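Listed after this line are the structures, all set down as structure tokens.
Below, chain A partners chain B and then partners chain C, in two separate complexes.
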Partner chain A sequence: MTVTEPLTVRPPQYVGARVLRVEDNKYLMGRGRYLDDLALPGMLQAAFVRSPHAHARIASIDISAAKALKGVVEVLTGAELAKMGTPLVADLQREEVLPVGKELLATDKVRHVGEAVAIVIAESRYLAEDGAQLVSVEYEPLPALVDPEQALSHGAVLLHDDVPGNNVAHIEFDSGGVEEAFAKADRVFTKRFHAGRQHAAPLETRGVMADYNPGTGHLTIWSSTQLPHFLRTLIAPHLQMSERHLTVIAPDVGGGFGLKCHVFVEEAIIPLVAKRLRRPVKWVEDRVENLAASGHAKEIVMDIDIAVTNDGRFLAFRGRYIGDCGAYSGYPWTALIDPLAAANLLPSLYDVREMSFQVDAVLTNKCQTTAYRGPGMAPGHLARETLIDDIAHELGMDPVELRIKNCIGPEPYVTVNNMRFDGGSYVESIRKAQELVDYDRFREAQAAARAEGRYLGIGFSPFVEAGTWGSEGAKALGFPAEFYDTASVTVEPDGTVTVTTGTFNHGQGHHTSLAQLAADRLGVRIENVRVVDGDTSKAVWGAGTYASRSAVVAGGSILYAATEVRNKLLALAGSLLEASPDDIELYDGQASIKGVPEKSLPIAQLAGVGYFGGALRPEGQEPTLSATRYYDPPQTYSNGVVVAIVEVDAETGRVDLQRVVAVEDCGTMLNPLIVEGQVHGAVAQGIGAALYESLEYDESGQLLSGTLMDFLYPSSTEVPTIEVSHIVTPSPVTEGGMKGMAEGGTIAAPAAVINAIADALTPFGAVIRHAPVRPADVLALIEAGRA
Partner chain B sequence: MKPASFKYACPTSVQEAVGLLQHFGDDAKVLAGGQSLVPMMNGRLAQPDVLIDINQIAELRVLEVNGGLRIGAGVRQRTALESPDVQRVVPVIAEALRHVGHVGIRARGTVGGSIAHADPAAELPTIMLALDATMTVTGAGGQRTVPAEEFFRGVFTTAVEYDELLTGVHVAVPGPASRSAFVEVSRRRGDFALVGAAVSLELIDGAARRVRIALSGVADRPVLAHRAQEFLEGRDPHDPVVREEAGRLAAADLDPASDIHAPGSYRKKVSAVLVKRALSNAVNGE
Partner chain C sequence: MSTVSENLQPVVEDEITIEVTINGSPRSGRAEPRLLLADFLRQQLGLTGTHLGCEHGVCGACTVLIDGEPVRSCLMFAIQARGADITTVEGLDDDGELHPVQQAFHAKHGLQCGFCTPGMVLTCKALLDHNPTPSEPEIRDFLSGNICRCTGYVGIVESVKEAAAAGRGVSPAAPASTTTER
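Take a look at the complex of A and B:
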């Protein structure tokens, strides 16, 4: 990949500046339109009948009472839906992986609490729920599997007849000399870590609306999704429709965090029903459905071994990852989204030349698992980084110095499993964080507090974040397929600019940050740039927004397309100003001859000539000013550190999170305000992983945390001020120098908080082996240490 | 998450409300702030035929100091929390109210609603038990009063009969020797308590008298720690050893249930800690 030289002589007008978000007025004025705000004349509403059992055969379904209810228009079961559309089958292009199908509605058996068995369509959601209550389903309960190791064991009941051993995939990696390295190591440290079952819990739940026009044969789907184009491509075959007759629109979306970068059965069912009934149909997921039946995340049982010399040099890593993946393989990323990503990022920023891992993606009678900010990377990081703190304590070394001793250098680096890091401030960011928290002084304060019977602790969690998700990045993390994005850039006849992209802004500030890039490359003012996305009939194709990819992939494709249009503008300006295009500068809406500012023309005037100038255009230049380009970036890896400081109440186990410091290096920053917002949100969700979030099932597979009274996530009262600091190490391999970012805080903060708790509890020899850490767990660690 | 259909009544007097309750009996539910009832209805865990909305009954919104603090059942939690009368006369009620949910919840939720709902982990029942409050219950035959100790009968169960309405709560004005405190541990700010402890006592010549210690989250209702109360009677709560022993005795007979947020054993241990701390706050915060 070659990198084009910066084209502007002056420093960029917008990239790197704290430009206020242009999209926010709409939200602040209450003029956003989310899926639930949409309504069409004659629209019907849907509710699902969902299983109360974790695992059961469906003996019979009686829909007669529901159908007879006034206001109910239709009731459909799985058998009927099976005639209308086809199951979603998640598969990866890897020989180890078994395809797993999910029927649109369950027909023969249900595999988790909350799985849908029938849909009721009525004149209102109230009536639809009344109807759902009247659907009578006879179940024959089967044994439920809630422990993935039990599900893997010989003789366990099978969730899917075509998935032997309940294992979607067993994947191994071995660099070759791992066992030898462990044999010759002075010390071997081992830890089992069980990461909690989390959930993205977006403020807006999922939702789908569909409208079919029998006159045109065209079907429009509105979905609260992160990937409108990809959704259209993936869902069309299941609807037995061609893409030309499908429009997918993502309205304003109130958070996705990875949950909505999937395709769900509801996104097939609602369009199929709308088509059948010839009336618009809407379904808005409620919170109970969202918690029980959308997507869970990140529960992995991990065994990590590290071979170490007496002076603290890491010789080899070994990992076993057993994903508790739930009843289905999430579509399209599969059940491997957590355990395989965890395994492949095992080396992180450590210079380890021997590594092996084993991954199992195990089906259990729980809700399927799907991507959630820092998929796999976050739990994997917790296991490794808490073990590294344990090792430091065992070896009598400072945990920060132990990490730095094993850290890679700042230059690009190829990991033992062939991830191509594009260089970063791996050590520098740790040192900077140490300075920011005044590490030495903290250690003094900690000692003084301990003498008073108070327990302060500090946890360091340096990270490398696999973002961007181009083809190479996806493959490096274990998901071989083609991922890129496209953008169109058009200078309109009046000189304003329209950018369309296949990525989709759902809170990330793309309408600002991507406009900054286009404005700089074209030399126009940002207020004259509009970014269009979220509608397959208005924007060019793309794979969507997830995996911290948009700044890099959308940014790169916009830069490519804008450069083409820029070259046309330069040619026009050169012709009109009677200068070489090479001598023209485009800046702040003006084209001028470099060094001769009085020789200038407004870009708006160039645009007019570009469209209507006839012979004024340089010979051979076609009219209009538009270009569409694609970009498939190489791998990028942002890096940074999260540091947490806690005080633990040794009598109640309460953890007071007093301070969080984050250092972020994502290469070229388009907009530091937006980067900081991403760090804040990511760290907050990481705090949730450390202290609060856990979807709990009992032994029979009943979901015990089925409401937000029991599934706890941090709110503003649980998140302290997050102090963010930046280092900028531009990527040498991407267009523009950007690296994907937004997940580092979620990856790193859990280990920062848990290491801080363990550090506070050093007098009790506490070793933490699971997340989240509740007050009761803290008290148990203290009591075990006192015993 | 939409409720099943129901009839709706909106009486403007207690008399009218009681008449409706008598008429509809068990088929009716009283709607106050709706912070517990409405989610239960939306989840269809509660499907009352009739909803009797008491929000338009002005006489339930009285908050006055007149031979004691009287809080009408319809007074919003936020109103009570911010009331100068409450803060001056029985500030520990405000202390407890700060732990009730968040601003939005307190702005709708009522004092009477929380007491009548009788969640065993809720703050208001616990503080009312510690303060030896008296509940006023109105039925067709007129008013009756029920002491807090007899009011709470179990999980979501009180002495209020199906045709009666909780109309107010009365707390005696504490004397100058009174000391009190409320503390709790919850997973997050505003969650129901894992354990809560409320203490009220009089300090006479350095000795504790008329001690009441109420605990939340440890049984099917808020409970008094009788052995700890008796132990403290006449002893000096400034003495950490005395407080420690009181905490131990308060927890000794408890057998709290476990849930996903904490095992019962945790709640038992932390009960002792919170009683100790509440006593300390009560007598050292003076």
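Take a look at the complex of A and C:
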């Protein structure tokens, strides 16, 4: 066992070291600049008028009182916005998928509580909200659909006239022999699982500011987004502007977790209004808007069937996924982001050669659904992994041994639906987790506790994380499109290094981890490397940061570009030191001849020659030291395990989460400190999904969880210390061996916690069929078991 | 048929001058009576390190210290703070030299996106000012009104332990971490 302290001195190489984050100080000193911290001369502020109804026709809107209010500059309704810009239409390049449009502001119908129908722009936010209160909207309520199966049923009212059956897509997969496998199985186990409606709920809500300069025709958009370049490309047509006249800047962003990897109507409306009024306009989402009208996530009704032999071998998986996708198809990833990702990851790490699934992405009168850490994968995992525990119980097998019996080997493996796993510590990580929790001793303690009337439980949740989202990885999850990323690496004339990337750091520590990669490749100290991102006029184009992709795609493109620049440095050094470039090494800011350290030159001096050395440069070498490269990785998957130990209080239903152990294998780690931080945060969000967080609607489509008093984040008293161990199985297919990570904890922790609760409640025969599991649910399980 | 809040009239009231001590210096600004303290700090005084995560008193991002006590500046009007001695995150460092609590958050990876961080470090400072040797349950209890969505609180709790230890001149044990390389 090695205990490694954070780094305080220059290591032999930065990659793999616990380098403290270089970006911390500004945040610690309150000098971060988030969207709402920005202001421009003459800036106006906006507030939206939002629907109190789940489903209604808009009969009339009276804006006269609002417009008359002192300080209100403009009030615009959907009809006016429709003349200014075009709807956002989410579509996927698959024949099963129907496009679904969302008007910038609703014109004839509202389809969920919180949908915006008008915007008020005023001299301050306070005045804008005063104005919004004075907008009078007459609604004619329509029947609300809050149950996706009802929405799918024949004769249900349609949310969108051009989406028959309220179904954005029906997608099927069948390996061919599934029914035969089920027919010949000794046992067939079936479970319906209803995963709760969640929210990424970053602590900073969304927000947009825009400024149009009529003198240049240039529009600048600041947005709290995860994908500034992609936003520019996607929003330009809706503004009827060319990308050359658009700059998108993501300032410091206070968390995204997938919510902000979308493009929202507000990101079109605010720029359009700023352009029209010729004044800067800012809108910052409040928390109620955030919970009601940004993006929900992960609510899926799932039916999972597993065909099993008597000795516990899985023969086939069958899944039905009905996504409760809300009123619109989230732009651009569509309403399939949850149900299709859930279905495609059905095999997980099990060696199952027959599988079928059906996916429906159903529109309901709720807020649209968008990506949230482990989209689809997390609820899908819950359904499968809780069923596997049920099966173990029914067969009288140990749930860990049942999993290992069916687990794939460590070598690369192609799943039945053609996911290409690049090898991992699938069994080894489970065994390691068993050791860490001292599994056998726990079972003894559990038995002893039970004899005293105390209910301890343990849940294992091994996972494969389909992150990274290069083009192939995205396609394997069902989302065909190109997802590379780009980086530029420049050694400046003084030998310092500027890296620009199309990914975007919003808490993941990229300004450190990506600098580590560049520093190693160029042989410079990390304090001489600066990573620039988040501004389309300063960084190269890229698709942004989401789906755990940045270490792999930004990392790979930086390695490519830095290698090109490195080769130029080597050629310069070889020429100046009269040696072959092959004999030069670059380390700690010096270029030296290998084995002859006294023959060396500072890299800063090489840089000077690279820019201003004229004939000192080798023949044919162009001046400057810069390269831009892109990288589109093959499929790569990290893996690991989360184990939870709980004690359930049978009197109150309280679940005491006593211990959480995570084993993570994400290949080459750029920075274990950052990897662990990502595991901690991901697991904590998974604990929220298991026990606390749920957006609830009543039968009329009214949102009941519109504040943080109702939508419950776990706090420091609900999340225990999370113990993290690493196994490193470098990817054989990615540049640098990295595998995308940061979602595994959110994918796996809910099932670990819920399996632990079910395990604790074994004396009551508890089978858990929904999440979150709250004290009342626990008491109901106990009561049912006693009956 | 329904209309939204058709009877509500906007609040229009006169601004008044608010004088406070912020981070040891006298400051003043204009505020209408309904202006929240958080908005006064951010907009009138330009101290944008105080963040707003919910504006209904749950998340704790807007925490400032008033006469040394952690207070949610989104649940208080500026006018209620007249004459108060307020510490915001901008007042913690000493001309760029991090306060020991800030230094501990850096050393123990107690922050990711940084949005909860100002409220979190001020709350931790208040805890350690009151109780220089808190137990882990005491730390977790005191921090439970400050939400962090990124870290799972692991790094934060370690940071507080680190800051407490630094105050006593000792170094706490590092959390265990094991790595199996291939």
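FYI, the second predicted complex is superposed on the first by the 775 of 787 C-alpha atoms of A that agree within 3 Å, B and C clash if a C-alpha of one lies under 4 Å from a C-alpha of the other, contacts with A are read in each partner's own complex, and residues count from 1 in each chain.
The rule is simple: a contact is a pair of C-beta atoms (placed from the backbone, for glycine too) under 8 Å apart; a residue touches a chain by one contact, two chains touch by 3 or more.
For clarity, every value in this text was computed on a predicted model and none was experimentally measured.
In the superposed pair of complexes, A:Y126 makes contact with chain B and with chain C alike. In the superposition on chain A, A:R287 contacts both chain B and chain C.
Shared-chain residue A:A787: touches no atom of chain B or chain C. By the touch criterion defined above, A:D36 reaches chain C but does not reach chain B. In the overlay built on the shared chain, the residue A:A451 is in contact with neither chain B nor chain C.
When the shared chain is aligned, chain B and chain C each come close enough to touch A:S715. Judged by the number of chain A residues each one touches, C leads among chain B and chain C. Once the two complexes are laid over each other on the shared chain, residue contacts for A:S694 go to chain B alone; chain C is not touched. In the superposition on chain A, no contact is made by A:A615 with either chain B or chain C.
Once the two complexes are overlaid on chain A, the chain A residues touched by chain B in the first and by chain C in the second are 126, 130, 133, 286-287, 707, 709, 715, 717. Of all residues in chain C, only 1-6, 8, 10-12, 32, 34-35, 42, 47-56, 58-59, 61, 88-90, 92-93, 96, 98, 102, 105-107, 109, 111-118, 121, 139-141, 143-157, 174-182 touch chain A in the complex they form.
Taken together, the chain B residues at the contact with chain A in this complex read 1-5, 39, 43-44, 102, 185, 187-192, 194, 259-263, 266, 269-270, 273-274. Note for the complex: chain A touches chain C at residues 1-6, 20-21, 24-34, 36-37, 49, 52-53, 59, 69-70, 126-127, 130-131, 133-140, 201-205, 252-255, 257, 286-287, 425, 428, 432, 506-509, 672-674, 676-677, 680-685, 707-709, 713, 715-717, 719, 721-730. Residues 125-126, 129-130, 133, 286-288, 651-654, 692, 694, 696, 704-705, 707, 709-710, 712, 714-715, 717-718, 774-776, 779-780 of chain A are the ones that touch chain B when the two sit in their complex.
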